[in-house]
Amino acid sequence: MVSLAHDIAREPGVEISVHEVSHRFDLEGAPLPVLDRVSFTARRGEFVALLGPSGCGKSTLLRLVAGLEPPTEGVVAADGARIDGPDPSRVVVFQDPTLFPWRNVRDNVALGLEAQGLLKQRGARIDETLRLVGLENFAKALPHQLSGGMAQRVALARALVNDPDLLILDEPLGKLDSLTRLSMQGEIVNLWRRAGFTALLVTHDIEEALLMATRVIVFSERPASIKADIAIDKPYPRHRDDPDLVERRREILGLLGLDASW
Amino acid sequence: ETVFATPQIPRAPFEGAPICTTAAGDAAAAAGPLKKITFAWNAGAPCLVGVTVAKEKGFFAKHGLDVELTNYSGSTDQLLETLATGKADAAAGMALRWLKPMEQGFDVKIVASTHGGCLRLLAPTASNIKNLKDLKGKIIAVSDMNSPGKNFFAIRLKKVGLDPEKDVEFKQFPGPLLRVSVEKGEAHALADNDPLTFLFQKDGAFREISSNLDGEYASRVCCIIGVRGSLIRDDKPTAAAIARALIEASEYAAHHPEEAAATYAPYGPGKVELADLVTLAKYHSHHHHPVGADLKKELALYAEELKLVSIFKPSTDPAKFAERIYADVLS
Amino acid sequence: MSLISIEAASAGAAPTRGLPSRETLTRAALAIAAGAAWIAFAFVTRHWPDAGEWGRGEELAQAAAGFGAALFLAGLLGGLWPRGAERLRRYTPWLLALGLFFILWQATTAKLALLPQPFFPPPHALVEVFVDDWPKLWESVVASLKLELLGFLAGAGAGFVVGVSLGWSRAFGYWVHPAMRLIGPMPSIAWLPIAFFAFPSSYSASIFLIGLTTGFPVAVLTWSGVASVNSAYYDVARTLGASRAFLIFKVAIPAALPHVFVGLFMGLGASFAVLVTAEMMGVKAGLGFYLQWAQGWAAYANMYAALLVMSLMCSGLITLLFRLRDRLLSWQKAEVQW
Amino acid sequence: MSLISIEAASAGAAPTRGLPSRETLTRAALAIAAGAAWIAFAFVTRHWPDAGEWGRGEELAQAAAGFGAALFLAGLLGGLWPRGAERLRRYTPWLLALGLFFILWQATTAKLALLPQPFFPPPHALVEVFVDDWPKLWESVVASLKLELLGFLAGAGAGFVVGVSLGWSRAFGYWVHPAMRLIGPMPSIAWLPIAFFAFPSSYSASIFLIGLTTGFPVAVLTWSGVASVNSAYYDVARTLGASRAFLIFKVAIPAALPHVFVGLFMGLGASFAVLVTAEMMGVKAGLGFYLQWAQGWAAYANMYAALLVMSLMCSGLITLLFRLRDRLLSWQKAEVQW
Amino acid sequence: MVSLAHDIAREPGVEISVHEVSHRFDLEGAPLPVLDRVSFTARRGEFVALLGPSGCGKSTLLRLVAGLEPPTEGVVAADGARIDGPDPSRVVVFQDPTLFPWRNVRDNVALGLEAQGLLKQRGARIDETLRLVGLENFAKALPHQLSGGMAQRVALARALVNDPDLLILDEPLGKLDSLTRLSMQGEIVNLWRRAGFTALLVTHDIEEALLMATRVIVFSERPASIKADIAIDKPYPRHRDDPDLVERRREILGLLGLDASW
C-alpha cells in the first residue's frame, strides 16, 4: 500500500485514516477526555465535513490529523503511513487567523511558497489567490488593519495558495457575511474539484456542510465520538432547496438535538 | 600621539621654556635608532615626576630609549599584571603596594627606585590625636585594604606598640572621600598617599600625624621600578638603560624641582596648581634612589616589617624574597 | 501609551475655542518666566561675588543672559510664529525649572558655599572644563565611542547568536546554559586578569570586557524572545512546510525582535557602566579613563563634565538604537520606551 | 522552548523499544566514564608532584576519588534504581566534561606550570581557600546578601512605582523622563560622592547605589510593560466601567508583569556588578570587599573563590526570582529563561 | 430632553442616535473611508440588527457607539448627550473574545462587577450567567484551555452579567454550533425582554437577525451607508418558517446581492 502510494505520488489527494483515536487534556490536574475512540477514513479526493457541539473536540482532531500533536491513543495515518509531524502536503486553515503581525497581507499569503522555496516558481499565484478572496486592494495592509472577516480570508488565501494533498479547514468562513461566504464556498469547491485534494472541513453551518461536502460526520458531545457518518452523493453545483439535502438537513438537525421544524 | 601622553598645551608660566636644554639634552644622541619601550605608570601620582623628567628632558633618549607612557588608573596591582603578561616593558609603582602581590610570584623584577616620601596619616587639627599612640581604639580611613598607606602605617603603629589589627580599625572609603568620611564621623583619622593627602591638609583643617619621611623612614624608598622578567632575561641592557635614565632623572628632579614639576604639569588633570606640584617635588625625596645592595636591603626590611604586621606569610624569608624580586642590571 | 492616550482623549474632549485666551496666555507667561529665570541666573552669576575661585563665570553669565533674553522675546512675540511657539511650549516648563535649578545651584555652591567643596563645583567650573579642556574631552569621547562601539557590536552579535542557539538547540543549551548561569552574573572586574592573558593587547581585552557585558543580556533576552514566541505561529509555519531554518529565521527571530531590542538596550546601558573598568587597562584616552583620572585628583568639575558627556553619549546611542527599532518593528507599537 | 520541543517531538517520534540496549548502555558508559575521569583527576592531584607550593591537594584528591567511585558504581549498578539512573543521566555528560576539565586544569597549572603564575591557581589552591578562609568568606556572604537584598528591594520597589507612573501620567513623564535619560546610564561610581553626602551613613549610601542600579532597568521595563499592553484589554475594561485605578492595577500591571520580571532579572544582575563599588564604602565584610582585597594582594585563588561564591549567590537569587515568577505568571509560558 | 432622560434614569434602556457619522482610517498613507454619513436612531428598548458585507465598517460603527473612538465626522449620542467615552451602561461583546489570559473563566466574567465595585452585591449572578452559557464546569479553566466557541461564550457571559442600558454585540455567536447558538439566541432575547435594554447586534446570519431583532439595518459595501432599514414587528418566540419572516429574508438577501432562490 505504502509503496504503491509513493509510486503514484504525483496523483493528487491522500487517504487519511483515523484509527481508534482517543485524546485527553489536563484541566486543573484532572484529565479531560476530548476524543473517544474515533475512527474513520477519508478517501483520496473526498470532501469530509465534521459537525459537532461547541467544545466537543473537533479542532483537537484536526490538530492530530495535521500532525501538530500525537494522539494520546490510536493512530492517524496518511496513505497508510503514521503521521508523526506536520507536512506541507497537509495544509491547515486554523480557527483563528493567526496572521504574522510583522508581515503584510501579501507576505502572509506567500508564507507557504516561501517556506517551500517555490516563491519564484509560483509567485504569480499569490495575487491570483488574493483576488479570489477579494483582497487585492489590501495586499500591503498589515494584519491589525483588517476587519475580522478580512483576516479570515487572508488565512484562507494563505492555505489555498499551496497545492496541498489535504486541506484542513477549521470554520474558515465563520466571520463572513452570506454573500462573501457563498462565493468563498463556491471557490473552495471549484478548487477542490479542479485539484482533487482531500478536504476536511469543520463548520457549524449545516447547510455549508451539505453544499460542499461529499460526506458529513456528526460528533457527539465531549468526549467526541462519531454519532453518524452520512454520504452526500449529489453532483455540484448543489442547490439548498434540493429535497434530498433538505431531508439530510432534517436528519442532522435531529442528530444535533434540534427539532426537525428548525 | 595623544593629548594625554604629550604636553601640547604649554602652561602659561612656562611658555617657551626650553624643553631640552638640560643636563641630558646635549648628550642625547646615543648611537643608533631609539629602542621603543612601553612604560606603565599612574599619571595621578605626582611623586612620579622622575618619569616625566626622564621623558621630557631627554634622559630616556640619552640612553637610547623611545618611551611611550601608558596610564593605568585603578589599583596599581594592575601594573604588575601588565608587566607579567608582557603588555608593558617597565612600570613604576609604590613598594608597599607591590611587595605583597610580588610575594605571590609574578614574573616581574625590581631594577631601581626613584624617591622616598608621599604617604601621610592625617587627623583633624581640632581632634586630640597628636601622635600615633593617640590612635588607640580609633578608626582609620584608608582607600583600600592593600593601600600603601594602610600597609605603612600598620607597620608604624606596630612599632609604637599598638596592634594594627586589634588596637585600631581600618575602614575602607573611596580615596577622594577619605576626608569627608572623617568629617562625617565615620572615621577618626585617614591614611593615604599624595596628592590626595597633600590636598586634604592644605587648608589647615587636618594635621599630619605621621608620614613615611619620619625618622628612620626618611631614607627609605617609596616608589620602585619594575620590569618584566623576560626583559631581564632577553635584553638586560635595555632594562639597565631604563634604570639609569630614571635614576638620572630623579637626581635632576631633586636639584631642579621647579622644572621637574613643570614637566609633570600637563599630565595632571584639569586644575592642578603648579605651586602645589613644586611643593610636592621638593617634599618627595628625589635624591633618594638606591640601587643594588642598598635597594635590596631596603626591600628586605619592608618584607620583614610586613611580616611583622602579618601581611606577609610567616614562611616568607625576607632576604630570599628580596633576592628573588631584585635584579641587578646596573653592575 | 495607551493609558496616557486615554487620559489625553478625555482631557481634550471639550477644547475651549474662541478667544486667543488662556492657552496662549499660559504659553507666553511660561516662556517669559523661563527667560526671566535665566536672566536672573546670569545676574546672580555675574554680580554676586564668588566665595572661592572658579573660572568662566563671565562667559556663563553672558550665555545665560542671551538665552534668557531669547526666551523672553519668544514669549512676547510668540504670536508672530505660532508653530514655533507651539513647539517651544513643550520645553518651557523644563527651561523654567532648569533656570531656577541653576540659580539654586549657583547660590548654594559658588555664592553661599553651603554645599561642601570641592565635591559640588558651581556651574561655571563645569563651563571652565568644557572651554579649557575640550581637546582632552573630545579625544576621550572619540576613544570611548570607538571602544564602546567595537565592544558593543561584537558582544551584541555574539549574544544574539548564543541566544538564538539556546532557543534552538537542546544540546547547545545543555552545555552552554550552566556556564552562562555561572559566568553571566560575574562582575566585569573579575575578567581583567584572564582577559589580560587571553588577548594579545590590552585594547582587545578591553573590547572583550565590553562585549561580554553587552552579550549577556542580549543572549538572555534573545533566548527568551525565541522561547516565548506564540506557538500558534510555529504551528502555522510548520503545516506550511517550514524547514528548521525557516522557523528560526522567518518565525522565531522576527517574533523575538522586540525582546532582542530590550536586550540590546540593556546591554548598551551595562556596557557603559564597564567602560570605566575597561579603560583602566592601558588606554590613552577615554571618558572612563578621564573620569578616574579626575577623581584621583579630586577634580570634581572635570569628573562631572566627563559624566555629563558620558551620559549624553549613552543616551544618544540609546536613542539611535530606538530609532532603528522603530524602523524594523514598525508593525508593532513601541514595546520598551526611551 | 517551542522550537526545542518541536525538535524533541520529532526526535522521539520512533523510540526503539525492546532490549535494555543502546539507551541503557550509553547511560552506564557515561556514568562509568565520568567516574573514571574523576578518579583520574584524584590520581593526578595526588601522585604527580606539584611544581610549586599549594595546599589541600590531599583532601581534594580524596574527595574527587570518592565522588568518582560513586559515579562509577552508579554506572555499574544503575539498573537497580532506574529512576535515579535516569536522573543521573542528565548530569553525566557534564560530570564527565568537568572531570576532564579538572585534569587539564590541574596539569597545566600545578603540574606542568604551563599557565602563568600566580594568575591561574590550581584547583587545590581554591579548595585551600574554602577550607581555611571560610569564616571570612561566610561573613562576607552574609554581609553582601544583606546589603544586596536591602538595596534590591528598595530599588525594585521604587523602580516599579516610577515605571507605572511613567506609563500612567503624562505630567510625571514630562518631568521624570528627561531626568531618567540622563541619570540612567551613569556609572554607579559617579554617585559615590553625592550618595555619600546625601545619606546619613555610608551603609545607607551603599544601599542607595545598589537600589539605583536595580531601579533603572525595573523602571524602564515596567514602563514598557505598561505601555505595550494590548489596547483591546483596555477597551474591554473601559466598556465595563473600569476606573483609572482599575485600569492600572487590574489591567496594566498584571499584563505588564512579564516585563517587570525581565526588569527585576536585569536589575538583579546589574546590582551584583555594583556590589564591588558599593562595598568600597566603609563596610567591614562583603564579597565585593573580599574580592578587591584579594585582588590587591594578587591572591588569585581567594579572588576566584570569592567570585565563584558571588556568582553562585547571584545565580541562586535569580533562580528564586524565576520561581516566584513561575508562580505569579502560571497563566503564561515562561518568557525569560534562566 | 436630556434632563428628562436623567430624571427617569432608572428606567432601563437608552436611546442611541447616530447622526451623519462618517469615519476614515489611514491605510498606507491614503485615507480609507469606512463609514459614509450614517444616520439612524435606536429607540429605548429596541433590538437593532446590523447586516453588511465583510469589511464594510460594522465593527467600526460599534466602536464609535461604545465611545471607544470619536467619529471623524458627525455625532453619536445616548439619550441626546454626545458620547465622548465608554461607560459601563454600554457594554460590548467584541468580535474577538479578548479574555484576560491571566484570569480564569470565572474571574473574566466577574470583570465588570469588579470594576464597578458590585462584586459583593451581585456576585451570585456570575455563576448564574456561567450556567446560562453552559460553562459552569469550566469556571476555573484558563482562557488558553478553551475551545473557540467556549471562549466566545465566556465573552458573552462577561457582558451579560452586567445590567447595561445598551448591549452591543459584534457577532457574538459566530463560532457556535446550531444547537448552542439557538439556545444562546433564545437566552439573549429572553434577557432583553426581561431587562428592557437597547441592543445592537452585528451578525452575518440573516435568520439570526430576523429571529432576534425588532429592526434590521442593512449596510452597503465599504464605505458603509444605510441601504435599508426594516422593521420586524413580530411577537416572540418567532418561528423561522413564519411567512412574513421568509418574505423579509428574501428581501434582505436581495439587498445583499443574493438571488432570492438562496
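General observations
The chains carry the letters A, B, C, D and E, assigned in the order they are written, with residues numbered from 1 in each.
Just so we're on the same page, contacts are C-beta pairs under 8 Å (C-beta built on N, C-alpha and C of every residue); 3 or more make two chains touch, one makes a residue touch a chain.
Computed from a predicted structure; not experimentally measured.
Chain centres computed from CA atoms place E at the largest separation from subunit D. Most remote chain with respect to subunit A, judged by CA-atom centres, is B. Note on chain placement: the centre of subunit A and the centre of subunit C lie 52 Å apart, centres being C-alpha means.
Per-chain CA centroids place subunit A at a distance of 29 Å from subunit E. Inter-chain spacing, taken between the CA centroids of subunit A and subunit D, is 48 Å.
Chain centres here are Cα means. That of subunit B falls 84 Å from that of subunit E. Multi-chain contact residues of subunit B (touching two or more other chains): 81, 85, 174, 176, 180. In subunit A, the positions touching at least two other chains are 85, 96. Within subunit C, the positions touching two or more other chains are listed as 116, 119, 193, 196-197, 238, 295, 300. Across the complex, subunit D meets subunit B through its residues 52, 116-119, 192-193, 196-197, 201-202, 280-284, 289, 292-293, 295-300. Across the complex, subunit C meets subunit A through its residues 230, 232-233, 235-243, 246, 250-251, 254-255, 257, 329, 331-332. Residues of subunit B that touch subunit C in their complex: 2-5, 8-9, 40, 42-44, 70-74, 78, 81-82, 85, 87-88, 174-176, 180, 195-196, 199, 268-272.
Residues 63, 66-68, 85-88, 90-92, 94, 96, 98, 100-103, 111-112, 114-116, 142, 144, 158, 162 of subunit A touch subunit C in their complex.
The touching residues of subunit C, when paired with subunit D in their complex, are 1-4, 6-8, 93-94, 97, 115-116, 119-120, 166-170, 173-175, 178, 181-190, 193-194, 196-197, 216-217, 220-221, 223-224, 226-229, 231, 234, 238, 247-248, 252, 262, 265-266, 269-270, 272-276, 288, 291, 295, 300, 303, 307, 310-312, 314-315, 318, 333-338.
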